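Two complexes, one shared chain (subunit A), two partners (subunit B, subunit C).
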Partner chain A sequence: MSGLRAFLRNWHWTLPGFVLLLLLLGLPALMALPLAFSDFDGLHPPRYLGLGNLAKAWNDPLFWTALGNSLTVAAWSVPLRLLLALGLALLLHRPRRGVGLLRSAALAPSLTPDIAWALLWLWILNPLYGPFAWLLQAFGIAPDIWLTDAAAARRVLALIGLWLLGELVVVLIAARKEIPQELYDLSTVEGAGAWTVFRRLTLPMLLPVLLLLACRDAALSFQTSFTPALIITKGGPQFGTLLLPLYVYQNGFEYLRFGYAAALTLAMFAVTLLMIAVQLFWLRRWTRIGA
Partner chain B sequence: MLELQDLSVELDRRPVLRSLSLSVAPGERVVIAGPSGSGKSTLLRAVAGLAPVRSGEIRLDGRPVQALPPGQRDVAMMFQSYALFPHLSVLENLCFGLRARGMARRDAEDRARAAAHTLDLTPLLARRPRELSGGERQRVALTRALLREPKALLLDEPLSSLDTQLRVRARAEILKTHAGSRAAMLLVTHDQSEAMALADRLGVLHEGRLLQLAPPRTVYAEPANLFVARFLGQPAMNTLEVQLALDGGLWWGETLLSRRLVSPPAALGRRLVMGLRPEHLSLPGSRWGREEGPGAELQATVETVEPLGEQQIVWLNAGGQRLAARAEPELRVGRGVSLPLRLALTRACWFDPDSGEALAPASGAARA
Partner chain C sequence: MPATRLLPAALLLVVALAACGRGTPDKAEAAKSGPVKLQVFGDTAELKSYRELIAGYEASHPGQRVELLPVGKQADHMAKLSTAFAAGNPPDLFILNFRRFGQFAAKDVLLPLGPAMAASGQFKEEDFYAPAVEAFRYRDQLMCLPQNVSSLVVYYNRALFKQYGVPEPQAGWSYFKDFIPAARLLTRDLDGDKRKDIYGVGLDPTLIRLAPFVWGMGGELVDDLQAPTTLTLDRGPALLGLNAVKLLISRYRVTPRLIEYQAENNDARFARGALAMLFQSRRYTATLRELEGQGKGLDWDVAPLPRLQQEVGVLHSDAYCMARASGQPQAAQQFVAYALSEQGQGILARSGRTVPSRKTVATSPVFLDPAQKPARAQVFLDAIPALRRTPNVAVWHEIESKADVLLEEWFYEPPLPGESELEGSDTVLVSRQIRDAARPLLAEDLAREQAARAAAPAPAATGEAH
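Coming up: the complex of A and B.
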């Protein structure tokens, strides 16, 4: 509770960020809310529909496809990303020669504009002249499957998502540095091996941070997967990579169904909240056991 | 039996320990005291295997261990911060070392519970470290260190994170806990009262060199050199640059302190440093510091008086030099008063003014 009290005493420091958040995210979200309950194509004045848009989504098979796709991609990419970020953080937390360069390299993709790396991946994955295809051919594997099969394309999207682990690595490096060195020294003197130290010290000490990152990452993965889905696969093949945000985008800006798009956004928001709630529930339980 | 022989340690190519030798018998407590930066922690870390040894040998019960990884040396270490795992209960903390070495959970817990029972830790077993007081944390850390029955127990500033009130009690706890153990205990501290209270033998470390290693009384009464003399004692030993005249008289500047020293510590005609503890300077009317035998008198002016309760420290000025004297709390001492200070010359320590090493009478002390 002292954390909350400290926040209440110093809340004004969050004001600049909070104002920006309100202007750029809160206000548009608020404006989208009435839109979700109306029919609006940008040409005619909006017409109130009540729950009509939501009912439509409920009966829209493509909505369920998109939701399923998004959840599948998140289910693959979030744990993988976290695992990879943890590995990198544990490799890179120690000050060594050249480690700064490697840390920057890990963070760089997160700082690159989405569109830039999406185009980059499009080139990498090109079956004719992309380096990935070339690499596969070197091992004698035919390089034409991954973007033409729905399930494979989804997996490719999830793998591309691993690209964005920079922030996780930074946070995990910081969290790892917070663990007192004396605990590691003691473990060494007590004869604990590397695996025991990881399992009994590093992992439990990082667990709260890891779970919090998982929550954040799951919520973010709905958004970050949008650009590659739009640029690399355009939702195809056979709607295999039609992700929820992409479907929202198509409805809003391609079919001019702004009301329906807003309703879908609302549904996406609800799903995100549900995911966070489930993870927070586990966070509570695990930290009570672990820490 | 822990033996260090000609141990040298370098950190970042800077020598931290220089050719250090000492031994600690099973059940013995050796305390190494020294100012910060003297290499105390490095000494423990080298013995534990956490700091690389440049040359020399570390033996445990005759077996050289410096090539072994820390976990195979059979030493336990108690860190300054106690290094209790914050996410584990006291019981799990106690079991950590045994479990890490592959002991079954049930056996490890039985042993931990038994130890906790003898040391009155049972009510704490289910708690997390953050729910313990400083003193309790220290006891848990110590119990954990000894639970494995290591051959050597290393303690790094075990009391420094406790407040003054608790320290005296915690000192007794360490003695009590270690009393039942055969572990050779090596403790480092910068706190001299802690060092004196806990040591069977006391070593003074300075810039990586062990200057003296002897029972605490000996180190206090017969310091091997000026550094040791000034490091131990609160306030520090008074030191006067004196001259031994050719006729045997002892001169401090223009003042004749003694017509004839009974056993001159050095050749006649030499310059010397005379060291006298504050308790060996006696104020007129004081019952403290009165020694039989030859003494010297020195006119001095009282500068300040520090009443400490059980004693008072009187700071005096004699010919521009500050001197500290100890006196009983009842003695009335007026500031600014000039008085004849009596020096107990028989208790004086003598040092070479150039090397700082102790001369004749003090040389009986066991040298490191």
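Coming up: the complex of A and C.
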């Protein structure tokens, strides 16, 4: 009981968020788990299937297509987003004139409803009438079929995801400010150049935060790509942007295969865990080598 | 706040949120005496006509109330509907397209409206067009009652036909002798930049749009309409039908290329006068009339589908369906009776969106209003006897979704290396891909049907054929 009291005393500010998280995410996730092992159409009580849904996913070519697409988009978007966020954080962490406005601009896309920016991108990327096409034409480049070629469309989804880096920038600015100024002063006295300071001081100090953000971003990338895949590319062309969340949505809400959709979600969860584990492994190894 | 007080507060929050999930018995009872809930999909013009329909019903039935649950797109309508069913709180009534109603009918969550309303004298099958009625029959029961009986027709821009001296389409016009030459004459590069400014034809390369071409050449979509086990697009006549469509882009180049199609859909292209002919159903009429109201109208009319080897059309029909779980079936049926009456059907027909399923309304000036476009509205009625439909299986929507992706790729991709567009190897390939994608779904559906029939009690010997 004293442990609970201590927890409540130290962590009570997190309780509202924790309770909501538990109710809105934890509980539904827990309830969806048994559905993954059942035949459930949402209209009748679930019927136990054992591993039937997982076996079906194993033999479902579209599942593998969707998984491959999701991993490709994540492989493009996560490192690029982290890199860009790190660059912006290092540019914007110092107080100077107009920096507040720039920080707000970096955060704004993350605060915009997904559907709003997805529709905006739909217009921007219109291959004939969108501003992106005009821009390319101005440089003599023919408006390519970025939404009609599968590989190009996946890259477009990854690039669109780059805009959602506001939270990363905020966290990295805070982390950068935590690095003692004395260390930078010492580096200057020692005659270290900007690149050396970044490589030997800033990056190692930010590494734990970067590690955390990379894991979070890998998990999030599976979710944030849902709206653009649904609105902008609609899973096409040729299933090229059929991402796992979209395939889950289609199976659950369009084809009434909630059981199968739950199994796919379980698979997505497992893949996310695996991605995070791989990242942790490599980053820890890298940290050890660096140390 | 002291930390120890937070725990009961949090528990209270949990209980309060949990209580939101299900209504109390009192609330459930109250809901039963509330308005009948009707969920529909459509654009603003369509939703406006539904509101008029409800207003008309409430005015003529004092004390009765209907609450409209509008959804913009059909896909969202289906998602909302399935979620409502899963939550145990479906709307009393909802609109379903015949290509999607199978997935609900197969799950036995629909109250068969046909028998229920026929028994109370509120519905007589013979008053309605047979193709629409038959489309909503499932396991020998009329599950939903058809609101409309639309079909695919050719919308054409009369001004462009006149401008380029092309004769307007006539009944019985031929696909190869009349339609394609007209499309070629109407496809124009106006400014000499080697890009087409006007295209002759707009056709979405989807299974439902291509079906009449397959049937028109004597082919079939499936091996058995009642209990399909495989798609048959890969068989001779069906392939000829698909190839006939592919010629539009691969040989004659009279339809927008993929990049143009992605940039602007065919409906929008036709509406701005850059497409001479468009394959669309009746619902597009409402859009064109709305544009006229905004002063952006075209000089347009409709024509029957051009004839291949056989005269054939494809059914487009929606119906009122009722949830078996409805708490107020009588009130809901009363509304459906009104909606399908001459008065109710007349209100929707005036919007331009529907071809009324009730014969007396369809043949009345309400639908054939000579003062309203299209001037040749009779085309929709003339098409009815030759209408064909897709199977009523639970997985049909899923099959179409998968087939449409493959068909789009096939339609816009150039022929395979080393072959001319006439050889059609890519058509064989795509039809086999579609067949293979559909086969496990149809097998699953057939197994479920057989299990359902085995589990059902033996029917009384009525001598009725399937």
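Convention: the second predicted complex is superposed on the first by the 270 of 291 C-alpha atoms of A that agree within 3 Å, B and C clash if a C-alpha of one lies under 4 Å from a C-alpha of the other, contacts with A are read in each partner's own complex, and residues count from 1 in each chain.
Everything that follows uses one rule, which is that contacts are C-beta pairs under 8 Å (C-beta built on N, C-alpha and C of every residue); 3 or more make two chains touch, one makes a residue touch a chain.
Source: prediction; values computed, not measured.
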Room on subunit A for both subunit B and subunit C (clash or fit): fit
First (subunit B), second (subunit C), both or neither touched by A:P127: second
First, second, both or neither for A:V19, with subunit B first and subunit C second: second
Subunit B versus subunit C as contact partner of A:P34, first or second or both or neither: neither
Partner chain(s) touched by A:G236 [first = subunit B, second = subunit C, both, neither]: second
Subunit B versus subunit C as contact partner of A:P79, first or second or both or neither: neither
Per-residue touch tally on subunit A - higher for subunit B or for subunit C: C
Which superposed partner A:P204 touches (first subunit B, second subunit C, both, neither): first
Subunit B versus subunit C as contact partner of A:L186, first or second or both or neither: first
Touched partner set for A:R5, first subunit B, second subunit C, both or neither: second
Smallest separation in angstrom, by C-alpha atoms, between subunit B and subunit C in the superposition: 34
Intersection of subunit A interface sets (partners subunit B, subunit C): none
Subunit C residues within the subunit A interface of the complex: 3-4, 6-7, 10, 13-14, 17, 75, 78-79, 82-83, 85-86, 103-104, 107, 109, 258-260, 262-264, 395, 397-398, 401, 405-406, 408-409, 412
Of subunit B, residues touching subunit A in the complex: 45, 48-50, 69-73, 75-77, 79-81, 83, 85-87, 96-97, 100-101, 148
Complex interface listing, subunit A residues touching subunit B: 180, 182-183, 185-193, 196, 200-201, 204-205, 290-291
Touching residues (chain side subunit A, partner subunit C) in the complex: 5, 8-9, 12, 15-16, 19, 23, 41-44, 126-130, 143, 145, 147-148, 235-239, 249-250, 252-256, 258
